[in-house]
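Shared between the two complexes below is chain A, which pairs with chain B and chain C, respectively.
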Partner chain A sequence: MSTTNTLPPAALRPSAVTPRDIARSAAVRRERAAKLKLWIGAACTLLVVLPIALAQVLPLADANAQDLSQRRLAPLVAGHLFGTDQLGRDLLSRVLHGGQVSLTIGLLAVLVSGAIGIILGAAAGFYGKWIDTIVSRLLEAQMSLPLLMMLLLVVALFGPSIPVITFVIAIAQWPEVARLTRSLVLVEREKPYVAAARVLGLHRINILLRHVIPNVFKQASLVVLLLLAQAVLLESALSFLGAGPQRPFATWGRIISDGQDYITTSWWMVTLPGLFIVLLVIGVNLLGDGLRDRSRRKKKEA
Partner chain B sequence: MTTYLIKRLGQGLLTVFLTVSTVFILIRLAPGDPAVAYAGPLATTEQLAKVRQQFGLDLPVLEQYWIFLQQLFTGNLGTSYSFQAPALQVVLERMPYTLTLATSAILVAAIVSIPLGVWMAKRTDTGKELGANILTIAGQSMPDFWTGIMLLTAFAVLIPVFPASGFATWGGLVLPTITIAILQVALISRMVRREMASNFAAPYLTVARSRGVSERTLTWRYAMGNSAIPVFTALGTRFAAMLNGVVVVEVVFAWPGVGSLIVRALETRDYPLIQATVLVTALLAVLVQLLIDLAYPLLDPRVRLGKAGSA
Partner chain C sequence: MRPLLPDLLIRYEPSIERSMMTAPFAGHEISRRSLLQFGAAAGFLLGTGALTGCAGPTGLPGADTLTLALNRSLVSLDNKLNQFDAAVTVQRAVRQALTAIGPEIKPVPVLADRFEMTGDTQWTVRLREGIRYSDGSPVTIEDVSTALKMYRQVQGSFVAGFFPEFPTVVPVDGRTFTLESEKPIPILDALMSMILITPAAQNKPEELQTGVGTGPYVVKKFNRGAGTYSLQRNPNYWGEPAAIENVEVRFLPEESSRVIALRSGEVDVIDTITPDSREQLAGLPGVVLKEASSLRLNQIFYNFRKPAGHPLSDVRVRQALSHAVNGEALVKDVMVDSVTQAEGVTPSSLFGYTRTGSYVYNPAKAKQMLKEAGVTDLKLKIIWETGEFPSDTSVMEALVEMFGDIGVAAELQQFEPGGNILAWRQGKAGDWDLLGNGFPSPTGLAITMLQGMYAGTAEKEKTRDTYQGYVVPSVTAKITAASSEVDPVRREKLLAEAQQAVWDTWPCAWAFVPKSVLAHTDRVQGLTLSANNSYPLADVRLES
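Right after this comes the complex of A and B.
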């Protein structure tokens, strides 16, 4: 670092590399691509999440208020921005309230799967031996299970309540976090500071919880956004198949599966809620991808 | 080689056995009574008892499990409550449809995603690659049931080119295949891009290029040769997952496959049918996994099956 300080500022230094060359270099382009992804991602996410968060405040009709005289009104008619469904309920209001359910389930599921994944993955990576064997076998076993079928089975058998669905999605997702954490911890535990901490007499649990996990946490938590996107998709697929949270909760999957019967006459009932899901999931995926690109590059530079 | 095969088969069968047993226990743990689902809500207590007796549901769970194990080894999984036919037979009748759909989807996915991935890898850090990248992210962000309904409306209702549901003609295969392929292309092409890009950046490729090897050979023989195993594994694993029933897409297109069968079996609490479906799909998935592993030596002569590092 000190050597750069002795050089004259870049503008005074003679160089064959013009600012234009720098702007076109791969590193700058990569940085710009990551930034673009982050911006588009943030824009898409906010466009969906803000109205959902404000659903209670916005001047909307009640999501469950039926008005049979107002059945299947097209979008943009008075008072109904997204039109109405087959029972005369305001579609926008239903989509936003459904979004609250979907997002809550998604966030809870990601929290649970993240916690399980980080704890088990870190334990497997740090302690090795039989703990690693058990966790790795569990991961493998889950790979060979028919996933969606098992999820449907559990939901169908234990009832589609929000805790069951959250739990089921978390169980579907923990392997990804666990595998990543395990590989990060495997590298981390060989670093000198771990050996130093042991020489100082720290207990292994303390080293793991207070030093190793905080060091890998940031990298492991990057995957969370991608998992959130998957969780939203999974929840909507489950509720499309009738295994989602039950009435009175409106969920995206069920709004679409209800609208399916009227697709020839009322296109908006399927198209608009679907676009909402797509926008949210693209946004979250782009954010996750952009952040990952960024951290990967930072790591390379370091 | 033979020991390796026996070992892998043993492991696979153990996985299948554990899966089937887990499902058996889960079903029995859950609330809800298949007798009610079978006899209807108006059935009297005597009728319910009779139904339970007929299906052997009045026996202790352990005894039911013992009977189930015996059935497992004789290949007779009991009679489906709702189809009134041997459960295994019902599943096997549906299997060809799921196989057809999965095969055509994976073929389309491979044909599109491999060139697309290579194309993206060659244009790393350009605007075009970024565009393609965002498109693939969009592809993996669309819920498949929604894509299915949209395609259905567009190409079966508004412009009636393809049949809307079922599998009466080969045209019926087109829309479900596209629906599945969109997601698979998005996932696999990103994976191909990553593999190929790391190979393009490898020193051996620079050496080969400096010695005048043509760009085409570099791409398809050198880089692709070294990416073959991960790409093939991804394709195979995806295919195996599809055999477990492309549940959602089968439901949307009323495809007479295993996926829509399991949804119906779960709704009617058809225990034998659920168990037969899980058994057949788990067996097939394990078999496909084994075939993938067996193909490795063909893709890369350095791989020796059963030796350390590859097993």
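Right after this comes the complex of A and C.
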């Protein structure tokens, strides 16, 4: 008995789907958007992060050097690209040096919160039982508190120093990471490779550390990246409200807070540092989004 | 068993589905995406429409309501514990004293129609006829006697420090009484302007939150925490009734918010404005600026609670540090000429002021003096409370740079209002070296300021009731002698000696006298700002 292939070759198969339809399909659109987000995000982030990282090398005036006779000069006047502030300090230098403080606090905070979140979230998801109950209740309790109020309270109690502010932001952000890691681990622990590892006699801690956490780490670290933007915003908000590091440390929030008294006469003192924050937050968020969408596509291909 | 879903997928016919779904809308296809896009656009338009609606000014004061925005929270309408400049206007609108400091910076009678020194240790006072509280009850001599008692008894009294001693009330007849003291108090008429009179039965040795007064306004409602007060015209006022029916008092700590509130017409008066705000408001249509001299001295004061071996205990070091401060640049560039450098230990606007010297910027001399005093590697901590004086943070940051220029490292610690700076100032919470602080003379007399700041004694220091630990017995003796001298010529001489003695101890790294600046909308009329940064509310009118 012979069999014949009744299906026409792919090229000849009649289809209502045109290449134009494919180009407009959701999957292709998402792919294009991810690529665009990635590029725009990387460009915005680099535009902010690179000058900040190179602030010590760039030919800039000292961020704290005052010249009282050169107060509130407009941008591009007398060699000041961003103008000067109310004490005649170079605003660009202050924004870049302030960015170093804000970014350092942000980075340290997300590293600490990421570490706490991943460890506690993974333990809660993997072990379940009382560990899960304690961690889940703890993060629910913390998420029910008004965030900024809590931060202001802790800073008021322990004084506004860089370690305190970093720690406070880290503590404020760990629930996000912990919640996500817990749900990812809950999925992972039911997979056959975990059962196989158990059968092979691996210790549970080993399974968690060597197999489960590496598998969820990538997705969890993307959330940590997104939290960086939030951490920088929180630091700026605290400084704006007067709970940032003590003067004369320049931070973005403080530069804006000081500049608001001059908003009608010296627009640049608020607008330019504000633009830096906007660029960084948009850049990091787009970068995070782009990376997330891109990783999904790769997973599908695999 | 085969799953149901793959079976269904195999038989899926897109063309059938498309024809069925789109048949009723042939020629007018509306995809889900278009629908969502349309929804988003509609939502955006609605949202921006609503926002535009919200952007307009809201809560404009009524035609018969005056709205004041203070930069400090008015925690009470009593002055037993506290009396910052802006509070005086509102406090005196509800409660009054026997006298008040008039526009000429001299005491003028208010509840008394006679206030005379009738002996070295005696003043004779007669209450004005027919004066009544807002509830209709008359003002009695007992009310005055109780008020003095309560001001004396209250813990942490603001007023007690200004009185060399509290006088005793001795009634003469229904309206007349004498104020008797152990030693002469030649400035009692000015000092009594700080004692607000309240019915004796309601007065307590604490800050009164409610109660009646003799002023042109009564309190309709208040929220102490938010610092808001609603005042209404007192129908039983003994004098000319107030021109405005309602007065709303608000607390807006942010300078920029106050300026914007005034520009938008949301508030009518903002006081104690910074030089930069003055620059922003100058020449704006609908905004009027008022300026007056001030009875206040703002200083960068040294901590006098340092142990004997500390560099700041050495007068040469204190003088050297003052030479590091470029006062002229601070006045011209940071304060935009809205203040003047002090040339003495009291403001020149006070009666009895003497010029004792001036702050000279000379960093080379400062370095040389520090070297001679053997001071190297000096570190200073400067503390202050936000809003203590206009442009405070800029001044403090400039000081850090100026001290840095002579090799002295300075760090700043800023306290927000409501923080625990009081405990720091008293040396109970932490150590500091310099304090940014303002001190007023509510009586307009130099002796009052000297008494409050420099007449510290070891006894007072035990309870930390001296001014930043300033206890110099020789200075205290001179101030005490001046305050009890009845002969005006001799008193002036003693006062001059006392001020020179204070100056020679270099108590401040720098000091300046601010100007009282206020801004109001042009519908506000009849507002006369006096040197104590207040104005009689009863005289203010609103243009219809």
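A few points about this structure:
Throughout what follows, the second predicted complex is superposed on the first by the 270 of 302 C-alpha atoms of A that agree within 3 Å, B and C clash if a C-alpha of one lies under 4 Å from a C-alpha of the other, contacts with A are read in each partner's own complex, and residues count from 1 in each chain.
Here, a residue touches a chain if its C-beta (ideal position, glycine included) is under 8 Å from a C-beta of that chain, and two chains touch if they have at least 3 such contacts.
Please read all numbers here as calculations on a predicted model, not as lab measurements.
In this overlay on chain A, chain B clashes with chain C.
By the touch criterion stated above, A:261 is placed in contact with chain C alone, chain B being left untouched. By the touch criterion defined above, A:169 lies against neither chain B nor chain C after alignment on the C-alpha atoms of chain A. More residues of chain A lie in contact with B than with the other chain of the pair chain B and chain C. By the touch criterion defined above, A:237 lies against chain B but remains apart from chain C after alignment on the C-alpha atoms of chain A. Of the two partner chains, chain B is the only one touched by A:154; chain C is not.
Contact with chain C, but none with chain B, is seen for A:16 once the two complexes are overlaid on the shared chain. In the superposed pair of complexes, A:177 makes contact with neither chain B nor chain C. Looking at the shared chain after the overlay, A:278 reaches chain B, while chain C stays out of its contact range. With the shared chain A as the reference for superposition, chain C clashes with chain B in the stretch 169-177, and the other listed options (133-141, 169-177 or 187-195) are free of clashes. Within chain A, the residues touched by chain B in the first complex and by chain C in the second are 156, 242, 260, 263-264.
Listing the residues of chain C that touch chain A in their complex gives 14-15, 18, 254-256, 259, 274, 276-277, 279-280, 326, 329-330, 332-334, 386, 393-394, 396-398, 400-401, 411-414, 416, 419.
By the touch criterion given at the top, residues 15, 18-19, 23, 26-27, 29-32, 124-126, 130, 133-134, 137-138, 140-146, 149-150, 152-153, 157, 241, 244-245, 247-248, 251, 262-263, 266-267, 274, 277-278, 281-282, 285-286, 289 of chain B touch chain A in their complex. Here chain A touches chain C in the complex through residues 16, 64-66, 68-69, 71, 86-88, 156, 242, 246-248, 258, 260-265, going by the rule given at the top. Chain contact summary for the complex, chain A toward chain B: residues 26, 29-30, 33, 36-37, 40, 141, 144-150, 152-154, 156-159, 229, 233, 236-237, 240-242, 253, 256-257, 260, 263-264, 267, 270-271, 274, 277-278, 281-282, 285-286, 289.
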